[in-house]
Amino acid sequence: MLPVRNDNPAFTITRASHVVMSVTDLAKSRDFYRDVVGLVVTEETDNTVYLRGLEEAAHHSLVLEEAPEAKAVAIGLRVRTDDDITAAEKHFADAGIPFQRLERDHQGPTLRFRDPVGTMMELTSSMDVVERKYQSFNEFRAGFPQRIDHYQVATYDVQTATDFWSGLGMRLSEYTTTQDSDDELWGAWLEVKGNTHDLVFANGRGPRLHHFAYAVPDGSCLLHAADVAGALGAGNEIDRGPGRHGLSNALFLYLRDPDQHRVELFNCHYQFIDLEVPPIKWDITDPRRAQLWGMPASKRWFFEASEFPGEEVHEPLLKTTPETLESYLGLH
Amino acid sequence: MLPVRNDNPAFTITRASHVVMSVTDLAKSRDFYRDVVGLVVTEETDNTVYLRGLEEAAHHSLVLEEAPEAKAVAIGLRVRTDDDITAAEKHFADAGIPFQRLERDHQGPTLRFRDPVGTMMELTSSMDVVERKYQSFNEFRAGFPQRIDHYQVATYDVQTATDFWSGLGMRLSEYTTTQDSDDELWGAWLEVKGNTHDLVFANGRGPRLHHFAYAVPDGSCLLHAADVAGALGAGNEIDRGPGRHGLSNALFLYLRDPDQHRVELFNCHYQFIDLEVPPIKWDITDPRRAQLWGMPASKRWFFEASEFPGEEVHEPLLKTTPETLESYLGLH
Amino acid sequence: MLPVRNDNPAFTITRASHVVMSVTDLAKSRDFYRDVVGLVVTEETDNTVYLRGLEEAAHHSLVLEEAPEAKAVAIGLRVRTDDDITAAEKHFADAGIPFQRLERDHQGPTLRFRDPVGTMMELTSSMDVVERKYQSFNEFRAGFPQRIDHYQVATYDVQTATDFWSGLGMRLSEYTTTQDSDDELWGAWLEVKGNTHDLVFANGRGPRLHHFAYAVPDGSCLLHAADVAGALGAGNEIDRGPGRHGLSNALFLYLRDPDQHRVELFNCHYQFIDLEVPPIKWDITDPRRAQLWGMPASKRWFFEASEFPGEEVHEPLLKTTPETLESYLGLH
Amino acid sequence: MLPVRNDNPAFTITRASHVVMSVTDLAKSRDFYRDVVGLVVTEETDNTVYLRGLEEAAHHSLVLEEAPEAKAVAIGLRVRTDDDITAAEKHFADAGIPFQRLERDHQGPTLRFRDPVGTMMELTSSMDVVERKYQSFNEFRAGFPQRIDHYQVATYDVQTATDFWSGLGMRLSEYTTTQDSDDELWGAWLEVKGNTHDLVFANGRGPRLHHFAYAVPDGSCLLHAADVAGALGAGNEIDRGPGRHGLSNALFLYLRDPDQHRVELFNCHYQFIDLEVPPIKWDITDPRRAQLWGMPASKRWFFEASEFPGEEVHEPLLKTTPETLESYLGLH
């Protein structure tokens, strides 16, 4: 069922902001994101590395925390002002949603909460401002990643997730439906910043973070990132792409980090602002939704994702699972 | 003086929407924008051609109207809903700003008004929805222009223009100051859609439309657009670029159409959403603001622009004019 | 065993020149090579279409002939002058190699012969000169293919093939050896025009033409070609790439035509002129020889190729066949 | 007058090989070529730095020698074997052309001589073989220069230069004629390696080295090189481009080093092998020969070049000088 977007949400989310990942070897992961992806290291402490995209004035968009197990710790969204944090607290309290106020270095007021399908989220209203590096071209490396853009989450209940986030003002830009019903949501592309997606949910064992994505300025950046990955011995860590998604139109490259967390580099989604434009519907059996051209994804792209700490993974509610997609997509 | 942005404006502007240009030879201008720029022709009537970028679902972002004189007829902005049009009418009536309600084909409710420095503006809340062509790659031509992005206006009074539009919710992302004062505005980059600019004012004889700009997906698109211009005999109509602006970070190419209206193709401005990030200040004597590298602009890029019909052009208030810029920029 | 190159061959081969392919639906194949690959149609007759790359002054580099069965009819090489054709006749007569003098439209004196492993070759010394289209940028389509570059042939006896062509002056630039022996040739990259390859032989069921290749000016051309293939419904006809070979350093995209002939678009092989530079040796078990990064090839890339008419296909002499490569390469 | 090419020259030249430049600040020049251009430093001694392109197996293609004055010391060409050096000695002795046998580190047998218009040349038959870095993508910087490609020399007597080098086997691919005569050579593009040019002569004060050129794999490399130049404060050292020459079809960027020696980065010349294809003639008054699109060159591009040590600079024989080109080209 298509969600009803709340045009006047309790607080204002503005964009995907930062992701916190635990990793088992901090130096190795830092090297990967700096040298193979091309992110800028803002700061390092004993057990944490903060990184950001080349154009980002925010202190970090990726936080690596050393831990015994590799997990997706939290997915961060920005809200407009400190008042939005207060409003969010009130809203969650009223709605009976547990939340936690945190002190996070380099961030303004910060809340953590789980959405109804168990996705661990972190809201913050500001960050320390650091130098934008978008004109330090001599320091550009690998994929030239400019900024964090969106997240994709595997979830056992896409409908519930979509309804929840639409209630907080997110808007559906594209969606997939199962073969059984015209409006049974298999996947939902939700946005808040005026282009294709900030937060995506796809049917599968979940909650698990499928990937976080950085925007690059140029298609050729994906080729150079892949070349650099190859030169640094990480060529096999590409588990999909380069290719073009039908959904969202992204020209993509997916890489696995040393703990097998997945990061996407992509170019070119489109603007989605005007209210009269309806979301795009794709049938799950249409292979073009997943790829307009090129080699099919690897199995691991479909089946592997990062779990959230302490969160049970559920089997998906819909019977059209990645496993059954195999017949549609010619996976191998 | 830095403007004070109104966070709660009378109505909600969402983006640069469409520009209306009068041209003296409709077929010739259509051919230019279709073949040399790469826009899609949505519809043609006897005296009007409607064009759009490859990703645009809106009926048009460029309207060419045949007329005896080539002018910039109006610069269009989108507002969120029909209610915003009503609110704009009320606001302008209260403020004593003349406006006119128009019927425009393929547009929802539409207002025209002049801002305090004489820029002819057109607000509309919706358009007919047409097919996005962003995946019709076989039809891509020249610069692969995806969507209209922003306007630059030469104005005799940048401060007044900036104050007016900030009062309507636009936010300053970058600005230039004169050598005489730290906060005497020579140029103002204003945005509403979350990246560098939707509307730019620069000191000069005005009001005149300096250019309107389309975003391209890739730096290589600028090279191909220039090559196609060369092949079609329009190579000399490039009056600046390819080059990189310090201001806004745009990788740009500027082309003149058959009536010498100027259109920009560019890649890669940056996201500008977070409220804690201050605008970037540039000194007018810093040549890097205009170009990080490469050949200086031609004189005509600095001195020529499209007038608005029936609007007197005033000499600029600030003495640092394009003419005096010559010494800073090594123009020739 | 590494071949001994004849520095003073009986006649002078200068480059890969043209390939003749029979196809079952002439119009469909013409459309594919023109619209999905981007070749220029030089001329069409009732049962033949002549095409060329954008920079080619030669009348054709691809000849499509309508026939009941799709085959690789002949692989063309250029020799320097008419005298080289005469010298070739004499050489083949002396060596007991059957050959045939042909009249071919738009070609100078032409010979056909089979090399010792059954590859059907065509030598010619000149062609009708036509317009180079490399500056007709407005007519560029899909992959912007500039010129034919090289061929890859699946053969049952790489050693014999390599020895034969080295005797005619071709030079080994790179090669693969089997795991059983340091100099048992599994694949041989042979060149005559001063860069990586004009003619490649790889162990497999043969003789069969694995692919013919066109050079493109830019990596982004491969992405655009893939996008255009997707838009025109040929996205699934990509059976490998985009990717980067370790061998030859080619950034590649492989497409199958409507009869499943394979054409490669690639960028960037390297210069190979200086005599003191030894050929590069790769071990067949090193997966980097086939791909520095990215998704493995499809099975069909390894197992399917175009047969030559009337030529029996033999099982390969070496036991390291594509089938056994599967374990090295993670094929699927 | 069009030159007559000697098809059977006294010795075999194979390609542009290396250029020796004296510079006044060795460290500064090394940094420029490594960081702004992207060359690899092979070796440094007290007063010499050896650099090469990313794909080059030869020890060096650029030699920087510290000296009180910045000069073009010598332009290097490769010959096929040591026997060609011996043959060259004999040829020059017979022809009464003075030459000198040199010991040059990392080079095989080496000759220096002046051609009849005073261009200081260096022939060598081999170099130390070093690692090709074309797959060390993580080390790629700035323009990703792959290999040295060609030289352009300003000369006072194009006809004499062209006749001399044609006599040594170089072939004319393109040429410009003056407005006074159909075959009075103003510029001559000469090649030996099978594409557009190895050695170019253009009418002007000479002999002076106008530029030496490196090939890049991709148009986007020129944009990145320009960006890096801008970031490193060398943006103003671009004295032409990016742009597209009509002549040779090069997509080019010209940079001046700290001593104002000029280096070109370019993509995409075309193959020129077949003997039946005539050279392309351009009229000097056709501005498209110099640029298909974009901003005209700076004056300094036309008037500045590097002198050879000890060689008098002569005024050009033809009256169509760069100065008079100004009217054709709209220089400024």
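Letters A, B, C and D mark the chains as written, and numbering starts fresh at 1 in each.
Note that a contact is a pair of C-beta atoms (placed from the backbone, for glycine too) under 8 Å apart; a residue touches a chain by one contact, two chains touch by 3 or more.
Nothing here was measured: the structure is a model prediction, and the numbers come from that model.
**Student:** If you tally contacting C-beta pairs, which pair wins, B-D or B-C?
**Tutor:** Most C-beta pairs in contact, of the two: B-D.
**Student:** Taking CA centroids for every chain, report which one is farthest away from chain B.
**Tutor:** C
**Student:** So what's the Cα centroid distance for chain C and chain D, whole Å?
**Tutor:** About 32 Å separates the centre of chain C from that of chain D.
**Student:** Taking each chain's centre as the mean of its CA atoms, how far is chain B from chain D in angstrom?
**Tutor:** 42
**Student:** Please compute the C-alpha centroid of chain B, do the same for chain C, then give the distance between them in whole Å.
**Tutor:** Inter-chain centre distance comes to 49 Å.
**Student:** What are the residue numbers in chain B that touch two or more other chains?
**Tutor:** In chain B, the residues touching two or more other chains are 135, 218-220, 227, 230-231, 292.
**Student:** For the complex, which residues does chain A have touching chain C?
**Tutor:** 219-220, 222-223, 226-227, 229-231, 234-236, 238, 240-244, 251, 288, 291-295, 298, 332
**Student:** Quick one: in the complex, what on chain A touches chain B?
**Tutor:** Of all residues in chain A, those touching chain B are 14-15, 55, 57-58, 78, 80-81, 108, 126-127, 129, 132, 134-135, 146-147, 193-194, 217-220, 246, 249, 267-268, 270-271, 273-278, 292.
**Student:** Can you list the chain D residues touching chain A in their complex?
**Tutor:** 35, 135-142, 218, 220, 224, 227-228, 230-232
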